[in-house]
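The first chain written gets the first letter, and so on, giving A, B, C and D; residue counts start at 1 in each chain.
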């Protein structure tokens, strides 16, 4: 499917530690579980040690040497181990580095994993200066609320549309045993949860939580039958973009400034030699319900302003023309920062392998994953089978 | 409000009070106005910027109400939070004086200062805010 | 000098924010200063924006989106920005990733920077579990002391030898205007400073502090005249290594286990097509005085046990056969974790350009930088001119 | 020492008291002993490990004295700190009962437990230590 003669990169193993709350487990233990599962899935056993030539670990809050502790417990060290932080896109950044190194001929097999154990409630981000905290300007969900309000104003959306996103994703999460919330909801029920920050109600926001995900990449052969990683792209915000992703800085009119998600998507489509119309299934960043709807247009999945129609049509639901967040999204799974991007990849590999069980998107051949977060990092990954 | 020994701005170099003004910069190269003031232009990277006091009024561009105290916050809830666009073309993240939901897009807003809370040393901290 | 037909990588710009204590400067401001200086040195001005296609930022304690804040202030964003953590080797890891990406043909020009603003005194590392802290097992300098004691026992070294390392490095630091300590000392004076942990006295330990360093890499041409990056290698500890770098885990006999610094050095020598005997000038990790002496043998710069003789000979001093830590080392500069590896590279580029002023190593053609730290990451960088 | 409602080990699953023993594991594949006990072998990666209680004695392999309380430490200073090599071939980072400098390499050491300090809830925490 590529347009150039690039070294192919296969996803030969996936592993997941469920996302949720696990009081008695350390972040290292969750990482070990996910990495073990991915190595097992890849057919790398203890006779093949370490079994990969480099490892990238995405995490934001796990402290120094986080990846080393996981691989130390597994006796798989010695190679370069790099811990990578790119906010919500940390796992996407790790994947990008791993894929690039394989395409460069530097390594044959690379382990990529991500993990997080977030404190309960609102994340105390190290992003903000102390004076902004003191003055009340470090009010993270308020930034999400302002972004949601803007999207509603500019695209003619209502709170009911936001609630419909939650209903859609939670209806998928019911089918995902690895999700934190596995129950249906309704528009009325979502709107009945308390207001966190107008226009966002509690169930329109994902919960920071805990979990881990891992992926093993290998230089591909022509006929491995494995899922192929066509593109793994990371981009950051352009100078001047305001509220692109909760930036607390003042800014200028951004109507002519391309958002980082679009920069990443355009580069990924070009690398994979496809367009958004070729994508069969999507996992996209739904930190809040409006963030998902913004993502649809930033990724070229819909014309700006077409979100309400698509929601009504059911096209983005399981069984629809192109399901979005079949895993249930972060709204069902919660968001363990460093693990979330790779959790999406695990879901999409399952979809492409046709092993997604009750939430299988039938005939899925092309899949796209998207994250965007703090520092306005955006990652877009494209997989095919 | 007049600062005394017990009252201090929450941060130095970002706003002035009496009269209340935000302290920004104007780039001589790309002509954009930036806030807060850095030692260069965040829009074109030029190091040739001129400190300016920004307009004390603007148009409301976004608003919400913060109901739960965010981490590190020293004041009381609820409080208004939003974005005001100044005539210089710069959008400022700001507290809003009234935490109500009767705002409308583009409505005129004026700059002032307010006490935000008391720090561990007993000093009353002030910040800027916009009111209708 | 390379043995293979690799894509050459040049160091076309260097920049440094002095290492020390700067109460009124944020870590972002220090990063901005170093990056600006490096871009200026590389001839990248504001008409060439961003001027590079990717950026890697090494830091351990600067919080989320640390690199983005620096590049946001400089209006040089949009490209992939990845924050990298590998303990004391964070900057070395960033350099490795940048060099690999250029060799892969992924980018022409990459910015690498590192920065840190460490709290005063003993670092409260996020490395240790809370119970180890409670029980007094998270006593960082005690691990350094045990390593020093072991080296003294196994190599016949005394406290006087450790003090001689400090005297050497501080005599170099006198000549470095970017160092925190710019004063001579003596063996007696070092031994008169208080004992921190037997056998280590206060002045045998480097101070965690603040600073930033930046380097611009570019795909090389045959005849640029620039300093060339021959190798930038990162390795981690092998399973079973005990006290390799302050690991709090119990361990087994490690006499047959190659330490990560040697793994990295051997790979770097192979990549550069040289041996340790070809190296003219070295910057190596001197977290404490014994750590430097251990590094000498791990890097193949001396036969194990020959440290006392080399110290006596003056070979490792400025003016000697192969000066080690001409910058004054961390013992003179202090250690801003994310910045320290790139600070070494800045020093060595100055040496190879013959712009190191009073501390110039005359005729230096081949230079080696080494860091090793928490998680037992070790990085080795080889530069030539 | 007998634990009561006011006394607790500083961590569960790492050591036992009465009698004092360190809780390790032995790998069935590579036959190495590891400590603390993980859910696999940190030397070969095998998941087939057997929980074992380690010997309560060993040989001193390294020692120093901690003079200044490290971050998070609940006890008093100075205290002894070092490495003891057990007959199983595993080296254990440990507190040493006497913070003196009269140790010698390889000298016999015995395991015990000691109170390390009091946590914020008033609970006395215990840990293991080695004595000559």
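Just so we're on the same page, a residue touches a chain if its C-beta (ideal position, glycine included) is under 8 Å from a C-beta of that chain, and two chains touch if they have at least 3 such contacts.
Model, not experiment: these values are computed from the prediction.
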Shared chain contacts [chain A and chain B, defined touch]: C
Between C-D and A-D, the pair with more C-beta contacts: C-D
Averaged-CA centre spacing for the pair chain D and chain A, given as whole angstrom: 41
Centre-of-Cα separation between chain D and chain C, whole angstrom: 33
Centre-to-centre distance between chain C and chain A (centres being mean Cα positions), rounded to whole Å: 34
Interchain centroid distance [CA atoms averaged], chain B/chain D, Å: 55
In chain C, residues with contacts to at least two other chains: 72, 75-76, 125, 129, 239, 249
Residues of chain D touching at least two other chains: 42-45
List of chain A residues in touch with chain C within their complex: 26, 60, 62-69, 71-72, 75-87, 93, 96-97, 100-101, 103-106, 125-127, 129, 233-239, 249, 260, 263, 374-377
Partner chain A, residues of chain B touching it in the complex: 10-11, 14, 32-36, 42-45, 62-75, 79, 81-83, 89-95, 101, 105, 116-117, 119, 125, 127
Chain B - residues contacting chain C, complex: 29, 38-47
Chain C residues touching chain D - in the complex, by the definition given at the top: 122, 124-125, 128-131, 133-140, 142, 145-146, 149-150, 153, 195-199, 239-240, 242-243, 248-253
Residue numbers on chain C that touch chain B, as the complex places them: 29, 32, 36, 46, 49, 72-76
